[in-house]
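Letters A, B, C and D mark the chains in the order given here, with residues in each chain numbered from 1 onward.
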Amino acid sequence: MIRYIIKRLLWLIPIIFCVAFIIYALIDLAPGTILDTISTENLSPEEYQQLVEQYDLDKPMIYRYAKYMLNLLRGDLGRGEATGLDVWREYTSRFPATLKLAIAGLIIGVALAIPLGIIAAKNAGTWVDNLVTGFTMIGISMPSFCLGLILIICFSYKINIFPAGGFDSGIRSMVLPAVASGLLMAGTTARQTRSSMLEVMRADYLRTARAKGVPEKRVIRKHALGNALIPIITSIGNTLAIMLAGSAVVESVFSWPGVGRLTVQAVNSRDATLTCGCVILTCIVFVVLLLIVDLLYALVDPRIKAQYTAKKRKGEKKHEKS
Amino acid sequence: MSVENINHTEENEHLRYDTCETVLEVKDLVVHYELEDETVEAVNGISFSLKRGQTIGLVGETGAGKTTTALSTLNLLPDPPGVIKNGEITVCGHKMLELKPQELEKIRGKEISMIFQDPMTSLNPVMTVGEQIAESVRLHEGISKKEAFERAQEMLELVGIPGERAIDYPHQFSGGMKQRVVIAIALACNPYVLLADEPTTALDVTIQAQVLDMINDLKKRLGTALVMITHDLGVVAEICDQVAVMYAGRIVEYGTLEDVFAHTKHPYTEGLFNSLPNIADKNAELKPIPGLMPDPTKLPPGCAFAARCQYATEACKSAQPEPTYFSDTHYVLCTRYYEPDFRLLTRGV
Amino acid sequence: MKKVIAMALCAVLLLCLFSACSGKESNTPTPPAETSPEILEDKTTVVGAEKQEDAKYQESITIICDNTQMAVLDPASPQGGGQGSLMNFNCIHDTLVENDNGTLIPCLALKWDVEDSQHYTLYLRDDIYFHNGEKFTADDVAFTIEHAKAAKGGQAFNRLSVVDTVEVIDDTTIKITLNRPNNDFLYYLYSPVCSILNREACEKDPEKGPWIGTGAWIVEKFVSNEYSELKVNENYWGEIPVTKKLRFIKVAEEATRYMMLMNGEADVAFGCSPADFDSIRSNPEFNLYTYVICNAGFVGFNMTDPLMQDINFRKAVACLLNRSDIIKGTRYGYGAAPTSGAFWGYTTPYKNEDLPLQDYDVELAKEYLEKSKYNGETVELCAWIPEFKTICQILQAELMNLGVKAEVFETDQAGFMAHCKFDDNKSQIVCTSGGWTGYPSSTAPFFTKGSTSNVASYVNPEITELLNTAVSTKDEAERERCYKEVQRLAYEDCVYVPVMHIQHGVGAAKNVGGVILTEENTHDLSHVFKIIS
Amino acid sequence: MKNPETAVTTKKKNRSRAGETWHRLKKNKGAMLGLAIIILLVLIALYTSIFWDYNTMIVKVNIPERVQPPSPVHPFGTDDMGRDVLIRTLYGTRYSLIIGFGATAIGLIIGVLLGAVAGYFGGIYEDIIMRATDIFASIPAILMGMVIVCVLGASLPNLLIAVGITAVPAFTRITRSMVLTIRNQEYIEAAKCIGTPNLKIIITEVIPNSLSPIIVVASSRIGSCTIQAAGLSFLGFGVPAPAPEWGAMISLSRNYIRTAPWMTLFPSLFIIIMVLAFNILGDGLRDALDPKLKR
């Protein structure tokens, strides 16, 4: 297993090279350059040329990419071209906020989704199932800024329980944004739980469990859910990945100083270094997260675990015999 | 496995229970599967009873309603389609059909448990074998996790699997070993009644013999009453004390092993025996029963076997036959026996 | 069947429940009556409650800034020009001179004398200290100018790049010579972007150095484009504010700003949406102060595009600008139509009042269109600021009625600037806002060659020559004549057509006072206070 | 129902697989309603331009009538440019249907194939494909969409590609996770034994069996694709301004959500109904395709 983890983490290096290259290419192709976001009103042509040279805009994209990678290899993420702020410090000063929001969203999402999914699957076709599907419809198709605004109107403007924006009053101010981003996860994961539970409900081993005298609740929770976890974990992994990238929309509605907004601002100001820095760090978070999701697969389903530890296990068997 | 070696031994009389207490009683059970556009009449009035330590064989072609009977005894029918129209099932004095789910859960696995046909899908792939056995022990006897696990290892040893393998997962076992695990699960809490739904059909012959010997041995050692559901007469001969031949949801012939095998009365049972290859007479021609099982949604009014029976008369086709008793343990459902001197061509004298 | 209908019902029910509670208070916003919103007579006004002697003041005040950049707290940085940053500079730093309704009053510089409009000598105060204890000397002024000229493309660079040499005579006097005569140079200095920085601090820490100023507030914490927290500078040389702590937070969503103000999470909210102006105004607990900014929104025609070079087509489009509808459509009526046809700041001096504004006249537009070279091709309208995207759509609808096929290209700032680069202008009709300030020479960038503000790529040698003489002559009358002539020529060419001046609104709690609003969006909140009892 | 006289022995007519699926789909009332809603939406998309002329009713600006609550004249009220919300929403069906469905289809086809290949073959293929999806998943969708639309030009198909590509990672990951469990089932080994080529196994065996989670992801992706397209058009890289695409209508009217909620309410309602319809149809399709469910 450890060999598999190391192999996966080693893959980070080529990923970072590719991501940096793609980001530089995208920023290069995008309309306008960093100079367009600065008001160069009465710059004389020579001064304008100096600016161009300062940002290496006259050289091909490959040169800028190579220069950036050289810095990266020395472990220096460089300074934002537009603002001159250190990328690493900017990212790390915002990442805890996004992490807190993502985890709160995850808890709300999972706490809502799995029970709802199971209830919907257990009495499929009854009105309970419809109510749950109706609710998940809202979670899936409602744009998050719309949801956020409605939440603010209902729970902060009309009944003043939670603050509308900012993060100063600790937990209280985290509730609404977490619900807004959590509902999206709740929607998709509840649908996923319902459909995979429905599929598992017909399995024979549930009948064996019931024949053993296992109470119905435990049959559903342990036996059925145990086997339906794979697609559920993937769905949670997918949505958590989006949340950890900091959904810029929820952060802008609740003025939550997260990574999502930083990335969008970097893209708007065509600041290649800052965008690259943000995307690479988000990518590392992604890879680690998806590795955890894959390991969860092995934990949940022994047949998959067998594939990872197949080689190792053979070795072990030999010892037993000799 | 020829017919002769009936091992009807009596030497296990001195076992710890007395044979007279009836552990399982089924009285005219009727089960239908109601689908959107048709209803399948799977079981149409079955009654039999089983005393402690005894074994009854439910024999019949596929679709005769054997598995449905077993599932309804445990009240485990998949409820959307399956509906128990009427009938009464008592297991060790408990009325299975009237009990609330909590009470049912206390009885299942403790007093009555079941072995399923297909070992490949009957085990939970994500739980270790030991855990699955220990689970029912802990539920019914409330002992600690560690003791339950040791008990599970003992059960595995009992069914001939090394105890250390309790930590392995089902996909690491072969078909035969999986079936042994299912048997270990069923017998973990030493139930009074064991329903075995064609336990050996999915296995090859050599493994089949081992599994049957094991069931027989466990039955003797633990004194479990056994309902053996099979379509293989050899297995019945090997294990059962009583035999019930089922056809289209009804018991057409019921009697002790000796009654049914030696004094076969019902034409369908005769047809079953005739379609068995006879070791002694190699070039004897096989005489299979003509035609197919009737469509369970369109059962004919009279005797269900009439269409395929060589002795069938108009009377058979019109009315439902009443049971005719030949002894207090042997009866048959055949209108032809209303005539006193009716005899089958071959068999039973 | 009933299963699925029930499902659809639940979805609809849940959605209505959500929006119902949002719509409960839907007092449909009645657009304001025809009264023209009170327009600030003079350039800077102090708004809000009056200070009382024995009043008790709130410890900390939170101010919401609008959506413009607040990336860096360095006055010279190109990313430092947003409203949020300017407000911070006003609190943290001081400038050499202050602007009091158009006349310059001394601040860090006690007095100054001007030989010709090229050589300036400033006499500075000697009793002022920076937040890090360093004494304020002429060397810091020299450093600030150096620092501004190094940060190319910033607002400070645009103002101070005209300085040629700086000579520090002694600690309190400094002699500045410009590379060419410029009457408005002193006016450049009052803007917060020309705040005076401390040399030692900036050289020691280039990022946090510019946070050190001589102003009434000290920076405690700053997160780029999110929020800044300031605490009061106890030994400030001027009047020490009564409030102890200030917080500037950047809130992106207009609806959230309004609700944070109403919840009391913020005391002052800039950049509220005009849809909420009425709710603030009708709410007894809050006051709404509106001010019209100097910048004018205008429609520009790309002079390098063959169709746009045809004066008749330009005049036709100019006749289609239904200004009252536009103001109602974009700003709920909170906006001011230009007082004259001149392409000029709202209250910038030397405005040429006698150029008649071309009103909305469809018939006249039809005539011009017939005379023009238009023969059915699609015309592209381009904008990036939300209000001006709406204006493009309104103009597009008008053009469609006249049979002119029009399509709107909306993009973000970088995309827009790239689209209308001076030397490679791909746009046709452009709708954006100009950058006028209190002094007339701020109109030059629209006519100079190669400038990013010159979105029409329009160079008229006569205008350029007039602008140069205006900025350098000493004779007042001559300067006025030149500027008025520039406006007349631009008006004749009909290259830039003024559309409207946006009226911004500031929501504040009833007992908040001491907010100084200026028409150049450089508001001074250093002495803001909130009376509790 | 079946009249009793004929079918003595109920031998089902052996229809083609598609016929069989359609036959069983017809029985599922929910799926029929979903299909009916989708057909209705398609009809609306096709015929609105006949009843209401694009220029006069959809794009015409009349400021005096702006932001009016729902009234008999304007059943859904008017938006901030004075245009009728009902007609714009109906007309917008065309854009949102194409974007929602088209983009998801692109994402589905590419994603499922990649996921199946990654899950089935494992080894180096799996690493390359999965790491590529990680890269694509971490690149901000807005930047990707912006560049694709700029390089290829701002038109509907390009917007579809831009939004479709951002949907690929989700499909790839869900398919791979399902294929991992299916890969060592007996019927796959059986198919290998009789020598069916790998690609055929993937298409005929692997993908149909991992259909249900894919359909769930597909139906949830339809909603989010529509909203992502709104994000892009809000920035000016999607459908050009006056076109009444639902997502654009919602994102432009969010400032008025407190004072004029009807501008946001009705387009979101239509999006929900569209996603609901695709969801129920998806569920019905899965049940019809799933042989295990054959009664």
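In this section, a contact is a pair of C-beta atoms (placed from the backbone, for glycine too) under 8 Å apart; a residue touches a chain by one contact, two chains touch by 3 or more.
Fair warning: this is a prediction, and the values are worked out from it, not measured in the lab.
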Where's the contact count highest, between which chains? A-C
If you take the mean of the Cα atoms for each chain, which one ends up farthest from chain A? B
Taking mean C-alpha coords per chain and comparing to the overall C-alpha mean, nearest is chain A
Report the inter-chain centroid distance for chain A and chain D in whole angstrom, where each centroid is the mean of the CA atoms. 22
So the centre of each chain is just the mean of its C-alpha atoms; given that, what is the distance between chain C and chain D in Å? 44
Taking the mean of the C-alpha atoms as each chain's centre, how many Å separate chain A from chain C? 38
Starting from the mean Cα coordinates of chain B and chain D, work out the distance between those two points in Å. 51
Where chain A touches two or more other chains at once, by residue number: 30-31, 133, 137-138, 142, 145, 149-150, 153, 157, 301, 303
Chain B, residues touching no fewer than two other chains: 171
If you look at chain D, which of its residues touch at least two other chains? 150, 184, 254, 257-258, 264, 268, 272, 276
Can you name the residues of chain D that touch chain C in the complex? 29-30, 33-34, 55, 59-61, 63-64, 66-69, 80-82, 150, 154, 235-237, 240-242, 254-262, 264-265, 268-269, 272-273, 276, 280
What part of chain C is in contact with chain A in the complex they form? 3-4, 6-11, 13-15, 18-19, 21-22, 24-25, 71-72, 77-79, 81, 152-155, 157-158, 161, 206-207, 223-227, 249-253, 255-256, 259-260, 262-263, 265, 411-419, 421, 435, 444-445, 448, 450-453
In their shared complex, at which residues does chain B touch chain A? 74, 76, 101-102, 105-110, 113-114, 116, 118, 121-127, 135-136, 139-140, 169, 171-172, 182, 185-186, 188
With touch defined as at the start, can you tell me which chain A residues reach chain D in the complex? 7, 11, 14-15, 18-19, 22-23, 26-27, 29-31, 133, 137-138, 140-146, 149-150, 153, 157, 187-188, 191-192, 195-196, 198-199, 202, 230-231, 233-235, 237-238, 241, 245, 248-249, 263-264, 267, 275, 279, 282-283, 286-287, 290, 297, 301, 303-304, 307
With touch defined as at the start, can you tell me which chain A residues reach chain B in the complex? 203-205, 207-216, 223, 226-227, 300-303, 306
